[in-house]
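Chain naming follows the written order as A, B, C and D, and within any one chain the residues start at number 1.
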């Protein structure tokens, strides 16, 4: 299987703080990989490094065979990598449709085509009835849906989802898990940062664990959850039983 | 619905075009010209400041460059301002590239203050160009009487129509942009630049492009202005007031809307002219005090601009009907 | 040559103290409340008129009138925050900038109505006095103004680092939520910040009065200088504004001496633009640490 | 003469009060509108306000003396407008004044840049404009613009000649604000200095409205000059003079025109102003008429009438004279009458030299400035000798 994304030896410091250190992992095409770790482990920083918002101090990042380091975010998106933000960032003064159309314009500049494709994405995430609502008026889950639709409208090959389930109630989480699953079925490669373990177990076949900017474990959900290193990172030393759900 | 709208537009256009044939009072026409001119500058500013929310307080830089380019061509080489006006626009576009390169790395208040500094530096430079551009003394334009080919008109009607054409041009450009991908990209950049880049919006480039357009249009206004007031000096051409007025009319009317700057100018310019003529001969300071109070009231009461009132009302009526 | 340079540096440094006071006010408001105050110079003007009237009507020395102008402007600041600025918080840059801009226009013209455009000066024994250090002349009034300005800046620094309210302000500057977690009402923090900023402007006015005439539009040039200084010193950074204010005074003075008397501002603006080209977030990055 | 004036006025008054349907002269005593454009807000507000005060006083004087007799004692009516020290407003206001009032003539605007704009508008509207502004540009290609007082180039010459009063070998530092007024005046100084045997050792424009004059004065000190020419408006000049003292720069100062000849200057600078020299296009001691005007002004506003304002009173009388001779308030006819104005007595001739007659360029052929000096809180005319009303005070 071809590799969609390869992160090799990436490091990033902010002043005295080492945010990510010598981090490597890779994602195969069509695979769903979860990136987990306690708060401040460097997950979001990794996303920002991959999508061009930060420039790594060392290391290389390639996607579909192209080096990404040094490229601005919009070019990385053009290459087929789309992301969502930890805190949703809709364009508040635009309608839902306009938000998603803005994403769709990347592949076709004609408004009627963009509108059609945007509607498709909106339908897919289940926002069709709020197409004309102002984005600023949406609820949290709808904001997440919107952000996903907007990312999908850019027709990505690789989707990076940053905590799309945080703050959702259990039934909403189920819906979100369903969505991610459908995307994976469509053949999309997905990297997901998530705290909700139940969701991770449901969507990811491969998990990468970060702590203090370093990769401490990697593997299938089951092996990772049982890894004592991972348990210590989440709960501190002294805890015998893994109880990842409480870490949100 | 569509025919009614078309009829309304044709009717409005006819009235606007025929206005100078009916209104003979020079002062009234002067106010109309000022409204058209500042609405034009406002619309040009709004493309960048309103849609893309790049708060420029230095648009006087382009106004002044346009004014000086055409005046220098006219007086030094005898070239008609009709050519000069385009040349001024091109010069402004070229200068907007390095300014944009420098300023667009900055956001929010940094950007605003940097643009003030750029306009000020240009003004100070033109003050130093004593031999080439008349320095601080400035110059008056040669009085050619009624010479339409040299952009000088006997009466006010000529200036009125020219200003009307300029405004129509800026509105048409804005209308086209607003409805195209570029409009969406501009608003997205204005709302959240990072989020826009995440979905493939080349923010630096879109900002540069809209700055080029905005600079070009603002420079046209500069040429028109000098032709209209017959005089140029660095303090006039690069006046901070021009930069502020461009932004103010948009904010009062409603930024990021097609008609906002127009509405803002229609409200502000005659108000200030009327305050001027009724209170101006009294003790100094009254009219600007009143003007400032009006501004504060609008900003506090309707920070999104007054256009909202009209569109809300329109929608309410439409819904009822 | 040496004496010329030394004199230029001293001249610049002394007036830089006033720039610093005004700039610290602008940066404090921006840091805490996130509003750029275009009317800061007008509060310097108000401070000047307070000192002027106290001096001419009651015979109070302008320096002593600090004790009145500073509290008076502090109150005006609290009022300004509570009645105006508070209502445009969270509305984005534009309504904020234009509200303070309109306020500046209003204050200038009300002053014109009340006090006319006449220049008003106060003559004290030390107004035009000076002493010599080697070849360098030092104006007594300007030296006093500089020293007091530095003392006030120091006091503000202490306040920000040693009191709960000050710490809350620094916290608010970094993260609004953190400030709220500290259990301090953010509205109070904002009011005190704006009050302090205006008190500094008032102090600048009183300090200027012995050697500088008051008139309605006197504030504009100080606002301009303060803007450049706060950006050079990184918006929101108090120490940065202090150092940048002093630097601006010196740069302007050297510019006038060695480039041309009409080039002081060009030098200052070019310094700003070059700094922004190299370091877009100013020289000092981040809140005062 | 005086007596007949008196009779004429009382007759006209009696006619009016008696309520005859047709006045004796067969025409209703109309009011004649004169426009006055001055900046009463903005940076020049102080001076603009003084001009408006003087213009009102002048109109009152003309009216009290019986108005325009050839028009049945028509009264002058002053319509002023604030041009805000702003070119756009000047353009609009000139237009407005002309188009919404039937004006016989306009005067204004103090600042050269504003006057140039008003003049362009007036030329096109064919309304005469009379002004004390000194820019030589006002005398180029204009037919409706009249300048009864000294031009910027003449100011320079007078200033240079005065330097010989205080030094055998004048070495002059020239500092000037980089505005229209500053550059126009200083260019004249530079061009004429060699001819007047004056060495210019420093020639430096500065940005008007600075916060600190010390760097500039520092530069003056190190220039080796034995005299300073400062072409400045009021505030800068106050700072310059006070800073000279602070930095121990002791040399004679010629403050030129502008801010230097304002009573406000002395009030702000105090005793440091004593003995300082300047140049003016008008001064309140040049003749008995001027002294009378100044006394009236002082009574109302508490200070002597300054250069520009005093000249404005003379200008109003020149307009009245023109209307008297034109027997009309039609702007074209008033212009034609102004073009043939030739006075050597009365308030209309209240100018240095005591004579006014316009050449084809609208310039007073007799126009020249007076050198003035601050003496005991008053501004005294001291140069040239035929204009000197007080001897030069040695510092």
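Following the convention adopted for this analysis, a contact is a pair of C-beta atoms (placed from the backbone, for glycine too) under 8 Å apart; a residue touches a chain by one contact, two chains touch by 3 or more.
This one's a predicted model, so the numbers in the text were calculated from it and none came from an experiment.
Chains that touch both chain C and chain D: B.
With chains reduced to the mean position of their C-alpha atoms, the one farthest from chain D is A. Centre-to-centre, using mean CA coordinates, chain A is 46 Å away from chain C.
Chain centres here are Cα averages; for chain B and chain C they lie 32 Å apart. Averaged C-alpha coordinates give centres for chain B and chain D that are 37 Å from one another. Per-chain Cα centroids separate chain A from chain B by 43 Å. Contacts with at least two other chains are made by residues 124, 127-128, 283-285, 288 of chain B. Looking at chain A, no residue sits in touch with two or more other chains. Residue positions of chain D touching 2 or more other chains, listed in rising order: 41, 45, 49, 178, 205, 207.
Applying the touch definition to every pair of chains gives A-B, B-C, B-D, C-D.
Here chain D touches chain B in the complex through residues 40-41, 45, 48-49, 79-82, 84, 86-89, 91-93, 95-96, 98-100, 112-113, 116-117, 119-121, 123-124, 135, 137, 141, 178-180, 182-184, 205, 207, going by the rule given at the top.
Interface residues of chain B facing chain A in the complex, by the touch rule stated above, are 179-181, 184-185, 187-188, 191-192, 194-204, 256. Against chain C, the residues of chain D that register as touching in their complex are 41-43, 45-46, 49, 175, 178, 204-207, 209-212, 214-216, 218-219, 222, 234-235, 238-239, 242-243, 245-248, 264, 267-268, 270, 272. Taken in their complex, chain C has these residues touching chain B: 30, 36, 84, 87-88, 91-95, 97-99, 101-103, 105-106, 108-113, 116-117, 216, 224, 227-228, 231, 235, 262-263, 265-266, 269-270, 272-273, 276-277, 280-281. Considering their complex, residues 49, 53, 55, 57, 102-103, 105-106, 108-110, 112-114, 116-118, 120-121, 124-125, 127-128, 244, 247-248, 251, 255, 283-286, 288-289, 291-293, 295-296, 299-300, 303 of chain B touch chain C.
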